[in-house]
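Here come two complexes built around chain A, the first alongside chain B, the second alongside chain C.
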Partner chain A sequence: MSEILFYIGAVMIIIGGICDLFGAIGLLRFPNFYVRLHAATVGTIGGAVVPLFGVALLALGADFLPHRYAIAGASFITGIIVLLAAPAGATALAYAAHKVKLVEWKPKVDHLAEVRGND
Partner chain B sequence: MKRLVTLILLLTAVITLAYVFQVPQPEDVKPLGEFYLENSYFGDYSAKSPEVITSILWDYRGIDTLFETAVFFLAIIGSLTVFRLTKEQEKEVKTESTQVEPLPLPIRTVTKVIVAMILAVSASIALHGHLTPGGGFQGGSALAVAPLLIIAAYSKYALEKNGLDKTRALILRSIGLLGIALVALVPLLSGSYIMQNQPIFPAEINGQLIGGSLIYYNFFEFLAVGAGFTAVFLLLAIPEEKFKKILGVRR
Partner chain C sequence: MLESTFMTLMKLIIPLYIAAFVIYAVRAFKGPSIPDVILAVDCMSFDIAAFMAILAVYFKSTFLVSGAITLTLWAYLLDIYVAKHLARGEVGA
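Moving on to the complex of A and B:
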């Protein structure tokens, strides 16, 4: 049982590392603000939340670790808080940038305008 | 390239120095440390607080901490003086002039959840101050983030409509200060010294470790710091147009 938890947790931490790497590359290479925001969110959700859940599973599986339930609970709660806060922060950033028209906005597809146009 | 070489040289030098000149590790507890441990954790007349730092901070260095707190409150009084307004101007500042479009729904909902969590965590930091690292000032600083988040996600007016305006924050702050002063002065009544922890305040109640006067100090400091920060944040959130109107600045 503890071995299964160990492997799942380790895989989740590795996924987190890969997501962080992709997020960093995307933040540097993507063309405009909105797509870069997407890359940053990949970095926070994939690169912080997933490994935190992985750490929680690892700690649950490690029988030798003192206070393992405290570590697992803290990681899990932190993960949930980041999972809640990161999308809200990204939304606020995108909303503010769009509202004050600081960022050039050239959408290829604008579903919202289409829907509003059809009304 | 030149910078990189300098950086590498600097790092190598620091690591080599740290390796060569190792800080000597103490092999046994020093007499002073033994005294502090004996009188704050062990012993009959101690607060029995496992967090010896808090014990020392509010007990042996109590007056020092009191003056440290006083510096913070002087800073808050200073900013309140800078923002001094008449009654009409206060009313003007509290009325919402232009209806601003609210932020998107996800931000507002998440803010509600996070604010509730911050309140819980800050209370835990402050009320566990005698058991775990933390304490009143840290808990109060964490508490002050909650109104700040509400100001950012909703507005200053949302906070004031729900009853937390500048006056209320100041009243809460004064209650906190008064509490600290009272807890400091109570030992004088039974012939002990000012700000003495034991034996006036019990270290345990019903088997629960409360660390003598530490929990009271932590709670009142928590209240005072949180409310003081909130008052200043409310003042800083006043829109610029309002101040231009009050001061009569022409555009």
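Moving on to the complex of A and C:
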């Protein structure tokens, strides 16, 4: 039973590392702040929440750890905090950037402006 | 047996996380506007928190995970304060 929990946690940690690298590459290569928010979501939810839950399962299944229940519970709580805090922070940043017009934004298609122009 | 499997896993995981930290740092130094810098620092803080939880299993120490909780809450506080300063022009309570 403990080996099953250990290997599920190891697979989740590997998935988290790969998502982390992909989110970082997207954050570097995407052209615009509002497009970079998408890569940041991949980097935080896929790259921080999934490996934190994986560490919780892995520490529950690991027999060689001295304080495994403390590590598992604390990393599970950290994962829930990241799951709640990261979208709220990103939404607040996007709201501020759109309100002050800090970011230069050139859309190719804007249907709302076309509808408002025809009215 | 499980411990040697975990050491092999760490050899696979550490280069992925180090490469991600370096690329986030490049965006944080290069970012053309303030929200880009704050977003890159934010992602880097959350990923350092996850990496500290992995290192807590590696070093067999419980105290690293309490540091990860504090780092997560600090990154959220940075987001909210910078957004409020940009939108309202003040950092009220």
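Just so it is clear, the second predicted complex is superposed on the first by the 104 of 119 C-alpha atoms of A that agree within 3 Å, B and C clash if a C-alpha of one lies under 4 Å from a C-alpha of the other, contacts with A are read in each partner's own complex, and residues count from 1 in each chain.
Basically, contacts are C-beta pairs under 8 Å (C-beta built on N, C-alpha and C of every residue); 3 or more make two chains touch, one makes a residue touch a chain.
Predicted, not measured: the structure shown is a model, and the values here were computed from it.
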Residues of chain A touched, compared between chain B and chain C (which is higher): C
Partner chain(s) touched by A:108 [first = chain B, second = chain C, both, neither]: neither
Partner chain in contact with A:66 - chain B first, chain C second, else both or neither: second
Touched partner set for A:87, first chain B, second chain C, both or neither: first
First, second, both or neither for A:95, with chain B first and chain C second: both
Which of chain B and chain C A:14 touches, first, second, both or neither: second
Chain C-contacting residues of chain A that also contact chain B: 81, 85, 88, 92, 95
Residue ranges of chain A in contact with chain B within the complex: 81, 84-85, 87-88, 91-92, 95
Chain A to chain C touching residues, read off their complex: 2-3, 6, 10, 13-14, 16-18, 20-21, 23-25, 27-28, 33, 36-37, 40, 43-44, 47-48, 51-52, 55, 58-59, 61-67, 70-71, 74-75, 77-78, 81-82, 85-86, 88-90, 92-97, 99-100, 102-103
Residues on chain B engaged by chain A in the complex (per definition of touch): 103-104, 106-107, 110-111, 113-114, 117, 153
Chain A contact footprint on chain C (complex, rising order): 2-3, 5-6, 9, 12-13, 16-17, 19-21, 23-24, 26-27, 33-36, 38-40, 42-43, 46-47, 49-50, 53-54, 56-57, 60, 62, 65-66, 68-69, 72-73, 75-76, 79-80, 82-84, 86-87
